Every structure is written in structure tokens, then in C-alpha cells.
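A single structure is presented below for examination.
Chains: A, B, C and D, in written order; residue numbering restarts at 1 for each.
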Amino acid sequence: MTDHFGKLTSKDFASDQDIRWCPGCGDYSVLANVQRVMPELGIPRENFVFVSGIGCSSRFPYYMNTYGFHTIHGRAPAFATGIKASRPDLSVWVVTGDGDGLSIGGNHLLHTIRRNIDIQILLFNNRVYGLTKGQYSPTSPIGMRTQSTPDGSIDHPIDPLAFALGAGATFVARTIDVDGPHLQQMLRRAHSHPGTALIEILQNCPVYNDNEWIEVEDRKSRINAALVLEDGEPLLFGSEDQRRGIRLHDGIPTVVELQKGEDPIAAGVAVHNERTQTPAYAFALASLKRPEFPLPIGVFRAVETATYDALLQGQVADAIVKRGAGSLYDLLHSGDTWTVGPS
Amino acid sequence: MTDHFGKLTSKDFASDQDIRWCPGCGDYSVLANVQRVMPELGIPRENFVFVSGIGCSSRFPYYMNTYGFHTIHGRAPAFATGIKASRPDLSVWVVTGDGDGLSIGGNHLLHTIRRNIDIQILLFNNRVYGLTKGQYSPTSPIGMRTQSTPDGSIDHPIDPLAFALGAGATFVARTIDVDGPHLQQMLRRAHSHPGTALIEILQNCPVYNDNEWIEVEDRKSRINAALVLEDGEPLLFGSEDQRRGIRLHDGIPTVVELQKGEDPIAAGVAVHNERTQTPAYAFALASLKRPEFPLPIGVFRAVETATYDALLQGQVADAIVKRGAGSLYDLLHSGDTWTVGPS
Amino acid sequence: MNAMSGKVPAKAVRQIEGVAIRFTGDSGDGMQLTGTKFTEATALAGNELATLPDYPAEIRAPAGTLAGVSGFQIHFSSKSVRTPADHPDVLVAFNPAALRANIDDVRPGGMVIVNSNSFTDKSLKRAGYAEDPRPSLRDRYAMVEIPLTRLNREVLKDLDISMRDADRCKNFFALGLMYWLYHRPMEPTERWLENRFKGDLLEANLRVLRAGHAFGETTELLPVSYIVPKAKIQPGVYRNVTGNTALAWGIVAAGALMQKDVFLGAYPITPASDVLHEVARHRHFGVKTFQAEDEISAISAAIGASFAGVLSVTTTSGPGFVLKQEALGLAVMAELPLVVIDIQRAGPSTGMPTKIEQADLLLALYGRNSDSPMPVIAPLSPGDCFYTVLEAFEWAVKYMTPVVVLSNGHLANSSEPWRIPDIETLSRPRITHWTDAKTFQPYARNPETLARPWAIPGTPGLEHRIGGLAKEQTTGNVSYDPENNEQMIRLRAEKVARIAVDIPPIEIDGPESGELLVVGWGGTFGAITSAVEAARVDGKPVSSIQLRHLNPFPTNLEQILRRFDKILVPELNQGQLVRLLRSEFLVPAIGMNKVRGQPFLIEELRARIDELLSEETSP
Amino acid sequence: MNAMSGKVPAKAVRQIEGVAIRFTGDSGDGMQLTGTKFTEATALAGNELATLPDYPAEIRAPAGTLAGVSGFQIHFSSKSVRTPADHPDVLVAFNPAALRANIDDVRPGGMVIVNSNSFTDKSLKRAGYAEDPRPSLRDRYAMVEIPLTRLNREVLKDLDISMRDADRCKNFFALGLMYWLYHRPMEPTERWLENRFKGDLLEANLRVLRAGHAFGETTELLPVSYIVPKAKIQPGVYRNVTGNTALAWGIVAAGALMQKDVFLGAYPITPASDVLHEVARHRHFGVKTFQAEDEISAISAAIGASFAGVLSVTTTSGPGFVLKQEALGLAVMAELPLVVIDIQRAGPSTGMPTKIEQADLLLALYGRNSDSPMPVIAPLSPGDCFYTVLEAFEWAVKYMTPVVVLSNGHLANSSEPWRIPDIETLSRPRITHWTDAKTFQPYARNPETLARPWAIPGTPGLEHRIGGLAKEQTTGNVSYDPENNEQMIRLRAEKVARIAVDIPPIEIDGPESGELLVVGWGGTFGAITSAVEAARVDGKPVSSIQLRHLNPFPTNLEQILRRFDKILVPELNQGQLVRLLRSEFLVPAIGMNKVRGQPFLIEELRARIDELLSEETSP
């Protein structure tokens, strides 16, 4: 038992269950980082709820010593909606995979995001169905050969963040399983955002889709392969001597090569602003794809607008103010009634 | 019976069923225009299949004298996928509503669009559930009071086209129930697009949500309220003496007021290009919302890329070329076999 | 009878036991309102009554067509009334389509009141009549042909309202006439009009209502008016409720009584949507409604809310109930309290959504992968819907289980006078959430109920994980142990079986044993009881029971079944309860099945009862 | 027996009737491969055989833990073999965890072969052993302790391969040893290695295989080797098939035989995914597979494909089957041909996805809103899966109906030698699509089968609309007519009932009448038949039938049931078929239910049979 007066540590967030992921799975790193961030959030442990669907990633709640619900395939956001809508005091985290969240569960993700209910969603994107042994997923690239696509997949992949922005997301971010500090920062940011915060976590599945994200996982290649978003900073990437930037003109992103010392803003490079009201800006970032562009990492968008749970709670509070707390007697006697006397 | 040598007329596409929409419903106009366009498409009537889910709009197939399937709520795109994937020779049209297609059916719409299967989807957007008598829908504006939201709805609406672009749509367009010529043009364009073509049809429901689109339905107010997209033309709207344009700089759309005679392009107004590869451009258009911006009408995006049905058919054809048409004998005798002789 | 005060009716007055009237017209003619007002007046007049509204399937079918006909039937009496009656004694038809759609239901020789102005060539054609049907009907019915449109217009000709508005009042002319005919009080309707309208419209409606009444007094078309004496009714305060309103109030009341917030997750579907609508109006009870993106989300959110510690419920109908089954399986595994209300409608598939069936019983019991037992209750009448919901919530929290309530489209929309319960007499189960961290085990069981603890987030030291994978006893950890799995499956089944101790023994209507027992369930109560009682009045040896509790069954059910030679099980399906009784008790129960989208008629039940009783009993 | 040519075994050889061997080790130890190779060699040696693989639930559980243990059991004999055997006679355990997880299953006194090098402190601890279990086991089993790791490394020490690669060969050392022990041919495995590997890896594997064999010849640990004579097997060409492969080939074969393209819509789910995988490999048959976004989309697409005129099928397991029910209801209403394959797994909810149950029968029958009858077939063995699918397609197109096939996780993954059918003997139903526009009516019915015409898009003049709303007879137009609705519901039920004429009478295994009849269904065939036959050998008056056809039942089922005093219905669920039999025929059938995620043991069936036979027969 944890002493609730002392400070919690990451250990306090580890449950007693044996972890059942394959050796080398990216999920381990995510788990460790989540456990590290939780104690910092200033929330009593008993107020955390982790909710998941089905998949390797969805076993996550079992390993967190918080309240947890491992539900059914694809529906975690709906369960989480019920939890948060009825108990806005809880800190609700959804863990889902690219299959769980975007295949069978795409619709719930869509509607959760558009309602902007105040929860955090961690989408583990390994571009494959791990738990069912390696079929392609909605984020898998065209041509991927798997057991279910021996001749190569023919479905165009979904980009989770473009999808989320299309659904009206108020907070989207992307991070990398093995980059602890960045991952932790994204977790903190997601937590502090009022509304649905979606983090796409690029996750390696060494068994069924090894090295899918190696370009950005690897610290060396990352310099050119990733665009690290920093609020208020120009959209720059590349090494010192090969700096490049992103220009967004007429709605079309392009790469601008910068001379040494050249002022990026003067060269037309856009400056990152997470709070840009129009989703068009963040969507333009989400449309940047390898290999033509670097892959943006960080917070794409963080704008504030009313959350579903707060509005719902507000309607209840307003109703009580306006009509008084409900009286069952009044309800049953409302409208036309008549009395039958003893005969 | 129609004479298949004579030219078909719109009458040939009207079935013998009594139409069951309310008087004044926008669906009538859409039906009439669809029946008018069908004979022009050069396809034998028996090769058309209309597929729908459940809703007022989804009764559409009953009124078309083609093959038709009125399926279950929200799943029409999946049925259509099976039809088109197995019979690429058919011309498959989905009719759906904002509830059918974006509420219960959002996931199928998402995946159909991302697969880019070669079908046409007509999404009747009346921003309400008609058939179930007037609850708010996923496209209803915040605050809408309906039977299920007596205190006003608190869900942020989805924009069907932004959603579709987030899903990777290759063709999206928007049109208006009562604008016959434009509607017909959009139908023809959707038909000629290889891949999933989504048309959002702004549709009036006089019974449960009257005049929702009156600003753009009305020819007078439309001049300022709508931005009619024309390929290769600058994004201009407004009356002669109050011309305005849309600028898309740094990923952020803005309205540019033009002086009389001013060159829009010089003023930074973007030029519409349906074939812009990046979806960021069309998404920027889809992000334009009333009243800050005019509502774009027309084809937002029309880019060509491989369709699911063609790729699938191609895999079958390739397999036959490479391995010969399947032999059941060979299949059953493949791998290790042994013979047991008569004892 | 104030409406008539000061005037002595000049015409004959006859006393009758009861009567059934059906108001019919085009959807635009206001038949539902007319019926409702008549019902209110009748309730105040002190009769027993039952009603049945009948809406067209289309939102707005073309005016004047059969598809657009709307109807409202009311049956009232000085004796007990349990159904809206098989056949109306009086048909009021506002147009030819309404006449055509309904005339075959009218009791032979019954009264048929028509608007003679509506019999134009055009409207006859719209209704599909090749010729005017009235001449031939005059032989078979007491035809009362009133130039309603004209009379109505005349009354209003000096008012500054449009012709359309004037014509829309004519239902109140007819209502006034019917008030006269059956000596109903006018004030409640007048009062309602005054609250609802003002200015010329108020004036118009009041005028035509009174004009209709006056027309009755003077017209020679109606030589007699009728008095239906007050019925013996249990004293109390009454109101009309439809089944759907009663369900909604049951939901709100559960929260109020158990002092808990309530969460309702729902996706609109006919005929369940009105429950969502009604509950949504009562946010000040701390009740939250969530219109989900689909049925799966609706139930998932409800289960989430239950995990979070509020009372939770999800409402739907047939196809939506199917979609909820996977999540329901999780609720069984997670052992969380949840109420699922399925308002059955005619299927299969989309079927006839506005029509009546009771064919989701086996779905409720078996619609999930693998054995996942779940209690099922079915209300017997509109008012009983209220108590059923309360009972379902009580079971759900006491036994930590999802509970299914099976209403149907008939109960949903029909109304009955309902004695408002004394709130003090309603049970108020105290909900206790586990708090002691030392002794906490997520799947430890209450030795009596076998319920596991309801331990909710926010409670320090009780952090735990649940889910759909097989669970170890007591700890709830994931377990693939074969022995454990079998025990958990048996424990869950046993838990549901134990609910039987909370079910009162079922009471037999009629002799305790004998030749024939009729066994019904849920919403067919009125028709079955009426038929069986009528048969007994005729000296037939027949009894009946009506099951509210379908799983588990009442403990005395088996003994009762064994006491009768024959068992007849009438159901609005192809035979569901009858299968359960046969397999459970090996009794040769016989099904009587109707799947026409309509309730049972008393006469058809009666006919089958008589037939069975006259058959030779086979060994 | 070429492997031994030139060498006369110097040790004793004993002839036995049969033996069951279980290979067990860590998931990384290659147990499935070892078992498969042994199976192939055994099949070629001419024995009857049955196998059972047992995978860990996790993808890659931590090495050396109980969770990571993988197993493969093979039972082979010179007599008939129907199950993998309750208890292995021989256990091969590669590490302590494998020993611990399996030892309790071994027949008392059986042989236990272990890798003695693996009994390190660390691995004992990982397996959860407090101390080395071997000393205590030596009393109870014939322990054969071989320093497998060391011997294997020695054989390979001069090769240029990593230690890891070397260690990964040790399963072939064991395999070679077992080949020696049971006189299995080595060539098939050698040939397979040569096709699979090259260079040093090939060399390494071949070497250890042969070294294992040679070790058997020389070691004193194994003084005797065993010969299992050839079985009397029906002549023909044989191969091994798992149930899932047979299902997949049945799907491909249906298209080839009916000369139709095939469409398979599926969403991955254990244990059904392999059917999708296998079918996807055969595009050159004109077979299209569609991995959908979920189960609802998978079946919807399949129904669409059926409407479009191809053979269509959807495959899934428990929770996915639940999700398909709403669309299945539409298929019933639309009367389109469709095959739905549910590979049942242990539930409820997510349950134990890799474990075995047969508990979706009532779901298949009743899982939809309102009555929507559907034929159901369940294969009896892995090879029978092939024929079941063909039969399902035949029914589907002949009767224009969805058909459910209920396989299970046991059939899915276990394999049996399967006599490859002579393709000429397989039925090749001719599919005719309606073409005559003059006489076309979408819901006109074939008077014999009651099937409606299959009229497909692209056919001029047959344009028509179908859907889930109630339909008028013959025309198929939307209809709310009560009479029509009842008739359509009855017609659809009657159509399914008529399929019975196509079902051959069920054959009794054992006397035609008597004291006890055991009734099973689907995949429990092997265990039930083995138990019943063994009981008869011991003189017990017991017969059995195994139902493949669950809806409709074979027409002679009732007569058979009535000929026995007692009926026992063993099922891997809480009692499903037993309910159907009791309610349908009012026979006092008794359930025997097991829900442990495991198949029936012959001995437990046997015990229950003996028990029932020794009970006093109650009246």
C-alpha cells in the first residue's frame, strides 16, 4: 500500500501482474515512461482510470496500478466516454492500437474526438495487428505482405493524425516509443489539455513489423527524417549544415533548402503555432509524409474549446439552478392528474 | 420494359413505388436530378446498383428503377464494397444520410474512402435524423434543440468533407439539393472519377430542420454565402462590387477584400486546382465555415490513384498469369501426401 | 358534468357498461391529440380505460392516402378494462382513407361517424375506393354522416384566421360532439386550450369544441346519448402514462430513490427513442443522457459509467439490441450493474419498425457468444414499466449483473390510467461501495447473493483491473486455468439463478389446477387475462398466469405447470417462451403464435381456449 | 524403414498397438515443427493418427515460463484413432516449465524424456519449481534424462554457426531420437530440410537429426524400441489437414466446383484468422479475400457480393459472430445465399481466446431480433470441415439462405490424415440465375425448395430492389400487411425446415435401441465415439449419434431418440443441444457439460456413461 501523504513514484504505478509482451516490444518503453509521468501529475493514484480495447497494446491497463478496464475490441473510447461523462473528477486514459483504434474502433475514435471529451488517448501505432499475429492494419503501407495479404496489401493507409484533425481534434501529437523525454513531455501536455488529447506513439513491433519507424527512432537518422515541432519556432529540420524548412503556401507544403545562416522566416518557412485556430494548419503538417518530407514529431495542435463532460455537467448544474433539484413527487404528479376518492 | 436500343430517359429510371417523403423534402429534387443524369452516363440500366442504409434519404433505391439494396443502418458502404469488389463491371451508388453515414456508419465510410473503391457516395446532409423524428445528428450545430437535446446539443459537429479528406479521399464535392444544374454536374463528375467519390448534398428537411441551408439554397444570398469552386479559377465570391477572395498562407485561410478591377492572384488569392496532390489544400477549403467564410460548393479534390477494386482484380489476374487458373486437384494434392494402397 | 349544467338534455340518455371508440384521420388531422384529450376527460369521468394509438410508418405520408392514416382507440367502461378492445364500437373517420383502413375492424352494427364533406372524387381515389363506399356501409353499420368541414367553417367564418387554420380545428368539433355523446366533462380540454393557445386560435378552438357539443344536442343524426357509470377504482391520484414515459420515469426514479446519479446511453431507434427524449428532460435529477454514435457506443458508455459508479442504463429496440450483445457479454464477465431496455418491435431485420411483436426473448437469453446468463424481466402493462425498471436496477446493483427489460412497441405507445405510487412505499435500496483496502478482492463474493463488490474509481487502495478475459476467482486476475474457468462460469450462472429468491411466487388467475392453463409473458397481459376471465365467466375451466420474470423463473412456476392438463402459451412470436418451458420442465406446452405486427385479439385467444377445451385430452 | 537399412538394431524391439506422445518446450523450441514432422513421418509409416497442437496464449511469453510453454501431441496406432488421446504415454519436455505444465497429464508410469541440461536453478525458478522435481518423478514415471543441449552442441562444434543457432537445432536431435524409438522413416524430414535450409544450417540440422537417431541406437537409457504396425486404412492418397485448412480449401473448392467466383469477407480473430490467410493464397482460383475494418463490414460486404452474384462467405469466431448478427438478419430477410463460418472459442466475452468450447449454437439459432431461422451445420473432424463448407454452399444457393457452419478451436488447429477426395465424386451443383424478364418476380418461390430466384445485377429487365423491411410475397415490395407478414415469416421458416429432405438419415453407432444413447454434435465426435465404442467393448449397452446438422435436424432423429431409455448429451458448453432436444421432442435428455477450455477426455465420458448405466432407471 502506498502512503498517500508521501510522494508517489513510478513504482507505485506498476501492478503486480507479469508483463506479457514479446522481448524488445516498444510497448515496454511506453509503459515505463507512463509510469514515470503519472506521479508528477498531482493526481491521487485512485483517480486514474486506464481503459483499453483488445490488442497487445491494449493489455496496458493490467500493468498499471490504477483503476483499469480492458474492454472489447475497438470500443475503449466509448467506455471512457461513459466514465468521464459520469465522473468528470477522474483522469481517464485510453490505450489503443492502430487496429483497435482505427480499424474496428474508428467510429468511436471519431466521435470521441469530435465531442472533445476530456480524456487522453494513446494510440500505439506499430502498423500491424500484433495480437492476432501479424495481419496488416489500417496504417500499414500499400504493398505490405502479411499472412492476410500474401500478394501485398492494397488499402491506402490512414494517417491517424490527419484522421483526427478531420474529426475536429483539439489536441494531436506524435511521439516515439523509445524517446523517453519526448514521450514524457507529450504525456504531460496531453494531460494538461482540456478536451480529447490524442497522441500517436510510433511503436516498434519486433516480431511482426520490425524497424517500421527506425528512421525516426534512430537518433542519427532522425535529424533528417523528423521535424521536431516546437511552439513559436520555425518548421526546421536537418543537420546544421543542411538546414531545411517547411513552407505552406497556397495550401501546399514544400521543402525550402536554407543557406547557412539564412533567416528561415524570410525564406518563407512557417512558424509553428499550436494554437492556430483553423485545423487547416495542423492538417498541413499531418500531410507531411516520408520520404518527400520529414515526419513531424511533437504537438501539432492544442486549441481550447468547451469539453463534452464540462458542458454536460453544466447542463445538469444549470437545470438544478433553474428548476431546483429534481423532486420525484413533482415528476410523478406533473401534467394532468385526477383523484379517485374512496367509493 | 425499356427498349435497350433506344435511348433511356429519366422516366426509365423511375420505379413504380409510391414515394414516401414528406411534401417539400429536399430528397425529391435530388431524386429527380439523379434520374435525369443516369441516362446520360452511357451505362445500361441493369448495370446500376443503388445501395443505401436506413433513414429517409436511404429509401432512395426504392424509387430508382435499377438494382437496389436498402440494407441496414450505417453499413451501406460495406455492402457496396462487396458488390463492387466482386463485380467491378457494375456502377455502384451509395445513398446515405448524415446520421446513417456519419453516426453509426462513420467507420465504414472512413474505410471505404481510404480504400478508394470505385463507387459514388451521395451523402444527404440535412443536419438531423429525419426518419426517427428529429434528433440532432453528427453534423448538427452546437446548441441545437431537439427532442433528445432539450437543453441544446453539446457535440461539436463533424464536417463531412473534412472528415473524408482526413480519411484520404480522392474525390470530394459539395452541392445543393435545389440547384439542379450544379447537382447534375457533380453527379457526372463523381461518376467519371475512378475511386470513391463523395458528394455532400446540402438537403432541406422542412419537417425537422427547415431552412438549415437557406443561405446557399437561396440564389440571392448564395452570392455572398457560397464560394463556387471552378477548376483553374481563383477562389472568388461575392457580388461584382464586393468581390472577395480566399488566401491560403502559412496554412491559414483568410478573406481578401478586392478593389474593383484588382487582380485577385496578385492580391494573393489562391487558384483552385482540384488535382492538387496534397490533401492539405482541399482540407483548407473544407475548413471554411459560415459565417466567417463562404461555404465552398463544387469539386474540392479530384486526384487519381489506384482503386481497390482494380488492384484486387489485378491480383487475381496476376495470380492466374503467374500460376495458371487454379486447379482443385493440384490444391488438394499440394504439399506432403502419401498413398495407402489396397491392403 | 358541469359542461351540461343548466341544460337538461332533450334527448334520450342510455346507460351502457362501456364502449370502444376509434378516432381516425389523416396524420395531419390531429387524431393523437383528439384521442389524448378524450382519454383525459374519460379518466376524470371515473372510468377504467385503455388506449391504443396507431401512427403511420412514414413521417409524412401523402395526405389522404392509406399510408397516412393515423388512429387512436380508447376503450372505457364501468367495469375492469385491460385492453383497448378487439373491435371498436364506434369509428370516427375524418376521410375516406381512414374509413377504408379501419372499417373492417368495427364491430358489426357499430356506429360509424364520417365527415361527409371529405367524400370527394379525388379523396375517394386517393383512398383507393373505386366508388363511394357509404351506400353499401349503411346496411351494415349505424352510419352518422356529418358535414364536418362545412359546419366547422361556418362556426369560424367571422374569425380572422386562415382557411387552413380553420380546417385544422375540426377535430375539436368532433371531440365536442363525442363529449356530448358520452357525457364527458369539457373543462379539462378547455383549460388545456387556454394554456396552449391565445387570441383567435384559442377562440377558434374553444368555439368549435363547444359547437360540436351543441351540435350533438340538437342534431337528429344522434337521437341518443350514453352514460358510462364510474368504475370501482382503487382510490388514489391517477394520471395517464404510456409505457415509454413510465420507463423513463422509472429510470429517473431509480436515481432519486437510490440517491445516485444516473447515466443513460442511447442511440435513437423506433419505438425506443421517446425514452431518451423523456429522460433528457430531467437533468435536474442529476440524470445525464448521452446520444451515442451507435448502439455499441451507447452500451459501452453505459458500462463505463457503471464501472465509474453511477446507475447506468441503455435503451434500444430489436436491431439495436442485437448490436449491444457483444458489450453485454463483457458486462456479464465484468459483473457490473447495468439495465438494458429493449422495446421489441416487429422483425426480423428492419421488419415493420412501428409494429408490434415480442420476439427478442431468446435473443436476450442467448444472443452472446458462449454461455452468459442474464436476468430478464418483461413489464405487463404501460404503468408496470415503471416498476419493472426499478426492479431491474435493484437486481443489477444487488447482484452486480446486467439486467434486461423487454418492453414492446405496444406498451411503449399505449397508455393507461396509472395510480401514482406513494413515494414512501417504493423500495429504496442502499448502495454500498466497497472501501476497505485491506480486505478488498475484486471478485470476492457476497456469500448470499454471490455478488462481487462494486469498488469504484476514486477509492484509495482499491485500484484494480477488470476486463473480458477469463478471470481468476476472488482476485479477478487473468486466468486460463481450466478448473477456475469452469467454476467462474458456474458461479455466474448460479448468481443469476439465486435471484429467484427475490421473485414473489406467481399468482394464478383462476382455479389453482385444472384442465387448461394459459401462460403468457410481458405485454400480452391484458388480452390474455381478458380472454381467460371471459372464458371463465362462460364456465370454462381455464386459468392463466402472466410471467414478468423470464430469467430466473418464479420458483413456484414448475408446480403450477404440473397442476394442469394442458398448457397454452400465446406469444407474439414463433414460439419462444414455449420452448423454454418445454425444455426446462418437460411439459407438453402448446404454442399459439401470431406475428402480424398486431396485439392479440381477445376473441382469437378465446377461440383457441375453447378449441383446446373441447379437444379430447390425449394421454 | 530405409533410415535403418544396413543396420540391424542391436536392441530389443517391441510391437505395440499404438502410443501417444507429447512434445513440449518453450515457444522458441520449435515444438510445433517437431510435432508436424513427426506426424508426417507417422502418416507415411501407415498408422492412423490424430494430433493436437497447444500454443501459448501470448505471442511471445517470457522464455522459460509456464505461460510460454508450447506443446504438440500425436496419437498413432495400428487400430482406429479418433482423438489425440486423453493422456500421453510419452512426454518429451525441453525445459522444466514444459515438464511442470504437462506432467500431470501423463499416463501413470508413462515415459518422460527430459533435457537434463535445462534443469538449472534459474530455469527451475522460472518454472516455479521450489526444487528439482526429477527425484520425486523417478518413482512414478520412466524418466529418461538426456543431456540434450550438450550432446547437440557437441555434434555441431566444428560448424561455423552461432551458439544460438546451434541450440535451436536441438529439437531435431530429439526428433531423430524419437524416429529411432518408434521406427519412423527419416527421409521425409531430410527431404524437407534440404528444401528449407542450405549451407551450414542445413548441415547442422541434418547432422543433429541423424545424431539423435544414432544416439537412440547406442544409449543405454533406452533399451527398447517400438514398432507400431500399419493400420488398415482405406486406400487412397492422404495428407494431413487441420480444420482451418480444410475450411479454406472447402471455400476455394466451392467456387471451383460450382464454377463461380468466390468472395470472402473477414476480420482477423483467433482462431479463425488462418482461414483468411489460407484462402488469400489462392487468388488464381478467382477467389477474392477482403480484410474488412470489422466483422460487420466483413459480413455486409459478403452479403453485397452475394447480391452481386458470386459465392460469398464470411469467417469469424465468437465475439465477431455476435457482431455479425444484425446483418445476418438482413440476409435472412433478403434471402440471399451466404455461408457464415464461426470457429467457436472459449467465452463468454473475450474469455480464453485460444481455448476450446462449443457454445455458440444457441447464438447461431437465436442471436437476432425476432424469429429469423437459419440452417446450421457443424463439422465432426478436421477433414470433415471441407465437406461441411461444400454442403453449406450447396444449401445456401439451393435454398437462397444464409447457412452457419460451427467449427471450433479444436478442429481448427488439430490435424488428421485426410483421404483426398476424388474430385469427380464431389457434387457440382449448377447455379442458375434468373434471366427471363417477363416472368420475373423477386420473391416468387420455387414450389419445391421455396427458394426465391437469384437475379443478379447486369441482367436486363430484372432490375429490382430488396431490403430489410417486411416484404410482400412474390413482388418483394415493402409491405406492412399483417397477413402477408405472418405468411412471409412462416414461409421462411418452412424453407429452412424443408432442407431436412437433403439431410441423410443419421446413423447410429451401436445397437439401434437400448438403455443409453449418447448424443453429441460437431467436434466432440472423436472423444464421444471412442468412449462409447470402448464402453461397448466392455459389454455396456450404449450407442451414440453425432449430429452434424443442427438445424434442421435429420428427419429420423426423433425416432432414434425415442428408442432409448436414457439420453446423454455431452457438450463443451452449459447445455445447448440438450435444451433443443428437450424442447423439440420432450425427451428427458441429460446434459453433460464441460467448460474448461479443453476437449472431452475419453475417460470422463466413459465414467459418466458407466455411472448412468448403473443408476436405477427412474420411471
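Points worth noting:
Everything below uses one rule, namely that contacts are C-beta pairs under 8 Å (C-beta built on N, C-alpha and C of every residue); 3 or more make two chains touch, one makes a residue touch a chain.
Since the structure is predicted, the reported quantities are computational estimates derived from the model, not experimental observations.
Farthest from chain B, judged by the mean position of CA atoms in each chain, is D. Each of B-C and A-C has its own count of C-beta contacts, and the greater count is at A-C. Between chain B and chain C, the centres computed from C-alpha atoms are 40 Å apart. For the pair chain A and chain C, the distance between mean C-alpha positions equals 45 Å. Centroids built from CA atoms put chain B at 29 Å from chain A.
Measuring from the averaged C-alpha position of chain C to that of chain D gives a distance of 47 Å. Counting partners per residue, chain A has 54, 72, 103-104, 106-107, 110-111, 138, 151, 155, 312, 315, 318-319 as the residues that reach two or more other chains. The multi-chain contact residues of chain C, meaning those touching 2 or more other chains, are 283, 293-294, 319, 326, 329-330, 334, 349-350, 467-469.
Across the interface of their complex, chain B is touched by residues 58-63, 65, 67, 267-270, 273-274, 276-277, 280-281, 283, 289, 291, 293-295, 319, 349-350 of chain C. Looking at the complex, you find that chain A touches chain C at residues 1-2, 4, 15, 17, 44-51, 54, 61-62, 64-72, 75, 78-83, 85-87, 89-90, 107-108, 110-111, 312, 315-316, 318-320, 322-326, 328-329, 331-333, 335-343. Contact residues of chain A toward chain B in the complex are 103-107, 110-111, 114-116, 138, 151-152, 154-159, 162-168, 248-253, 270-271, 276, 278-285, 287, 305-306, 308, 311-312, 315, 318-319.
Residue ranges of chain D in contact with chain C, taken from their complex: 57, 318-319, 321-323, 325-326, 329-330, 332-334, 344-352, 355, 357, 359-360, 362-363, 365-372, 467-470, 480, 482-483, 485-486, 489, 493, 573-574, 576, 578-580, 582-583, 586, 588, 594-598.
The residues of chain D lying in touch with chain B in their complex are 40, 43-44, 46, 188, 192, 230, 232-240, 249, 252-253, 256-257, 261, 263, 265, 282-288, 290, 292-294, 296-298, 300-310, 312, 326-327, 329-330, 334, 419-421, 423, 437, 457-469, 477-478.
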